[in-house]
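Same chain, two partners: chain A is paired with chain B first, then with chain C.
Take a look at the complex of A and B:
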């Protein structure tokens, strides 16, 4: 424990604290604005840190990372456009709450849940980094395949009314992810002669199209109908609708207590990411809830589960980075540059050679999480004001931001076409009652499942023993089978009742 | 101050690009007469079209229109560089090529007398960015930060729509050291024990690396020279292959740069098999080179600058001079040393010879 205290005097500098606050503000704003996204913000901020002391630069990047992961939920709740893919699960119930006038409640709950998830994650990083890193390396190709399949079952919980439509959307996601480079052979496939497509369908362009452009199209359609209100949502005047009551907090706390460690676990395993954590937690909360029928219609547990899990990932992604030198997600991969440029090479020797730096960094994470609570609560008022804009003003702004954001993130014109195409697809999906989250889940999991299966079979020379002989892989496969049977049975029973 | 100037230049270049797009679209669709777009004309047409929509649309279009004149400024070689130069990096932000490229851009802007903006365009094993540089105007304002993988190896193994010779070399910036590491639970811990194990158990020893990149190629060549059979398990990058080695799922990983493995070797969680450079790496003084092990092979991933063929020679000279001055800049060298980058400057013609040498190596099976 002593090593933790070695970093106190290094991190408690006014400059570091101010950079954390600055990073949080940038992160929350960038995260909340549809079209702009956190990996882009971190990538743009990274060159600045090249000329700063390492701790100062990293303080800012952590602020952006943490603020951005939570910021995505703000637009998800207020206008049903997740600012980050990880907030897609938050939109399911957050927007439903906002439409009931309870935007203030949903936003505050998402702040509490996010900060709670972060603090759990930071503490896990400080106390359990070595142990969790060991678990992470037991995940080989077979385990990733099994975990990927297991995670696909979330589609059963986020499909809304029609399971079959959810499964179709999920399959579309799986298929879209195969465009681009064959992950293992590095040969292009499914590019139809467009060289831009050999890089795959640009993830950010796709997310922005599916969630933001489609929603903008829906809103434009609504505003053409004369009966629609001039703003997207109305904010209730009642005090209890704009805060989380103690009774509600007590009700959702067990959900947060389950979801945050789930986020930590997912974050500690490199390459899965916060979106999957959020959806898994959402599925788990729905499964354990006393009123599962409320999910999708404004269940506060849904918001709490998704937000505490996706921010629970934030600190834990540094476990593989600091202990093994392996970035846990896209953002930590970018942040690796901020370490390397100062000759700080993450890996097992970082703790022995740079012990006080590591402890200062970890304490910095914890301080950032605490500051996050205040920065977010103060910023909340601004976002509530923004939502009072007329629909006809708000959505044109959203579209312009989406195009700009996609252009900058994708580095060219082609991703804009992908975004617009996906926007139309998303609009049609909504019109025909197909849920969009399963498509996102399929798209994210597809490479993990494909790589895992193909690598495992290459290692075993095509022998299936590689799945049977391993307890973790087998466990996930059995759970997957059980869940599929259970979801199907429930669906069939529901049909025969109605 | 440098950072501030840098940010603004970044934004400026991006908006210039936006202007170009708008102009192109106008040229095809909105404008009745073909020919170079007139920004004032564009303003009027777009305003009329969009007048009935909300004021914000107009504002957005106005922003484009204001930047359009920037895009239409013709850059003459004599006044180069008259506007910020863009460095295109074909690999993701935060990686080793990104650090080298951004570091160079940051110091080279002083010697070039213009801001340099950096854009990462990732995908297609680096070939999308490489090809996009050929599509840009050949005026020296778009410079490719290129590496052996995207520049030579990819066109050597498949049709990517360009050849190394479509570019003109400006100069090499740095060279890296490739490293092969083995998990500590494996029955081999160095080259000799690996060869005897692999001879006794053909195809049992596995190594992870991305497919059809230099680290993969290097190990395949090593195995051929040693007369052993190793099984390749493709993985998307060092971040994917290292955990598989740590967990014992595969035996070895072939890394594009020593930096990913140094910490593990020092901590004893992995063993080093060997490096592919001509000399030992200073961070790993105990790790032998392939040459010392008796395999006459030196494979070095390099990073350098290139522009599209057709760029005027005066511009190429200005870029080359600026790059040379940068690699002699004390501040640059100090920064490079801190980040573990081995600066290894070669001028344009010498860099071009490296392209030819590697092209011949990778074309021959």
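Take a look at the complex of A and C:
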């Protein structure tokens, strides 16, 4: 318990609280706009946090993450276009409610359910992370190598239709991370004569290029294809249609109570993600409902289940991130980068060396969830207006922010060229059907895998027994092999079925 | 888009990339006498994997080309890429504007370069509401400039030409 209270005085600063609120507003607005997504928002905000104290910067990013995850439900409910993939489950009943004139009710219920899911998830993080980190402090290079390989199997889950393309993208990420200084010998490598590359590829430039610039280029196609404006369902003037009554809240509370832990469980497993959590919770709520026939026609349990599971993922994705240094999805991969940008390396050593910081960060997550309730309710009418913003107005500003942000974080012209190059690469990857998340995950895990392997082999004098003789390392290697076989089998079965 | 053709092109390009990096990786490191894993072992291994997997991808595409061609013959509308084809010049223009913006920032200063870039990018995105377009180009750069220079105390490029 002492560990948890250690960070209280660090987090309770006006600057941190204001940045959480700011992050929530930005996140909800961006999440609500179809075409803009949470990874893009976090990537775009990352350079702005570069010159802030670590806790302040990360507080803002957490606000964006949580706000953005919930913000997708606004457009899902009002225009039946999910702002984020996970909000597709919310759209099933949320839009039906909106068409019945109960948009206000659906939107408010989605806020309550999201915040409830977040709070459950944050509590799980606080209770479980320190315990898991204790186990992880016994890890040596062999365990980290095996863990890194195991974490790479996430690529199998985020590769989309083509596993081979996902693996190629992952290897590209691993390869890109080798540009710069060799970690063991401190010798420059893979710089190809560019002095600026001896420090490695600039992480912020890479993230902004891959996630923001590529998306901005893709949106040029979309803005030329569709010019029709979206019809936004207006909120009814009748009071009862705009609020969740106590009886309704009591009715959906058991659903939220079941869905949020499901989101936590799925969030704690790297690679699965909030979309699956939302749909699983939705299915579970439908199965357990007394009126399953109402699902899809405006059942409030449907909205509550999807949203509490969707946001229940948020805090839990930080369990593997903070304790083992493994990103659970693309957003936590970017967040991992944000930690590293601020000189913090997630993993067991973070708990031993920066215990009060970790504690402050986790309490900050809980505070952000509480603030989320007020920010979302107070700003609801404003956030609805965000859906009406046009791509042709937004994306030029996004591009300018990308370039300015990279200049600010990189401190020169070269990182901006890297960003542009990565943006073009990201665009080509999308056009050629290569998934981008594996590239980022490979890039982040590369040092853990390479350092672990080389250090382990140095310790053992080149003897591979160091991996077989240690139970945790061996366990990870066996799980990696089993997962690779399972993912490949699943992929081959899918191909033969199609 | 014909995915078989795309896979063949991507496979060939990435395979060539992998082979080049495999042989170039050791050349980027100076003299090294240690035994065991060298600084280029990991990059070389990865580039070899990329080359092999890309060859496999290209081969898969080659195998599927006849089936996709038959599918397209049955449904010719599936290969109509009107949106993409018409967007290509716009995307190319956007990349050129971004490149010029990056080069122009230290020459013309942040304010002027950002204003012009915003204007041109908005036109590329199909914005033809001229009043709003000029308003954004006039207001956004000073706002960003104020935020970074005055609030964050970070220097943005000043014009070196004048």
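What we mean here is this: the second predicted complex is superposed on the first by the 274 of 498 C-alpha atoms of A that agree within 3 Å, B and C clash if a C-alpha of one lies under 4 Å from a C-alpha of the other, contacts with A are read in each partner's own complex, and residues count from 1 in each chain.
We adopt the following convention: a contact is a pair of C-beta atoms (placed from the backbone, for glycine too) under 8 Å apart; a residue touches a chain by one contact, two chains touch by 3 or more.
Quick caveat, the model's predicted, so the values are computed rather than measured.
Enquirer: Under the stated touch criterion, which partner chain does A:342 make contact with: chain B (first), chain C (second), both, or neither?
Expert: first
Enquirer: With both complexes superposed on chain A, which partner does A:51 reach: first (chain B), second (chain C), both or neither?
Expert: both
Enquirer: For A:458, decide between first (touching chain B), second (touching chain C), both and neither.
Expert: After superposing on A, A:458 lies in contact with both chain B and chain C.
Enquirer: For A:378, is the partner it touches chain B (first), chain C (second), both, or none of the two (neither)?
Expert: Neither: A:378 stays clear of chain B and chain C.
Enquirer: Per the contact definition in the header, classify A:482: touching chain B only (first), chain C only (second), both, or neither.
Expert: neither
Enquirer: Please indicate which partner A:43 is in contact with in the superposed arrangement: first for chain B, second for chain C, both, or neither.
Expert: Touch partner of A:43: chain B, not chain C.
Enquirer: Is A:392 touching the first partner chain B, the second partner chain C, both, or neither of them?
Expert: both
Enquirer: Kindly classify A:185 by the partners it touches after superposition: chain B alone (first), chain C alone (second), both, or neither?
Expert: So A:185 meets both chain B and chain C here.
Enquirer: Looking at the overlay, what does A:407 touch: chain B (first), chain C (second), both, or neither?
Expert: In the superposition, A:407 touches chain B and chain C alike.
Enquirer: Mind sorting out which residues of chain A both chain B and chain C touch, each in its own complex?
Expert: 48, 51, 184-185, 187-188, 392-393, 396-397, 400, 404, 407-408, 413, 454, 458
Enquirer: Taking the complex as given, what residues does chain C use to touch chain A?
Expert: Of all residues in chain C, those touching chain A are 1, 3, 6-7, 9-10, 14, 21, 24-25, 28-30, 32, 34, 36-37, 39-40, 42-43, 46-47, 49-50, 53-54, 56-57, 60, 83-84, 86-87, 90-91, 94-95, 98-99, 101-102, 105-106, 110, 114, 117-118, 121-122, 124-127, 132, 136, 140-141, 144, 148, 152, 154, 156-157.
Enquirer: Once bound in the complex, which stretches of chain A touch chain B?
Expert: Contacts found on chain A: 42-44, 46-48, 50-51, 136-141, 180-181, 183-188, 195-196, 198-200, 202, 270-271, 320, 324-327, 333-338, 340-343, 345-350, 352, 392-393, 396-397, 400, 404, 407-408, 411-413, 451, 454-455, 458-459.
Enquirer: In the complex, go through chain B and note every residue touching chain A.
Expert: Checking each residue of chain B against chain A gives 2-3, 6-7, 10, 14, 17-18, 21, 53-54, 56-57, 60, 88, 92-96, 98-99, 102-103, 106, 118-125, 127-129, 131-132, 158, 160-161, 206, 210-213, 231, 233-236, 239-240, 242-244, 246-247, 249-250, 259-260, 262-264, 266-267, 269, 335, 338-340.
Enquirer: Using the touch definition up top, name the residues of chain A that touch chain C in the complex.
Expert: 48, 51, 164-165, 167-168, 171-172, 174-175, 178, 182, 184-185, 187-192, 213, 216-217, 219-221, 223-225, 227, 390-393, 395-397, 399-401, 403-404, 407-408, 413, 416-417, 420, 423-424, 427, 431-434, 450, 453-454, 457-458, 462
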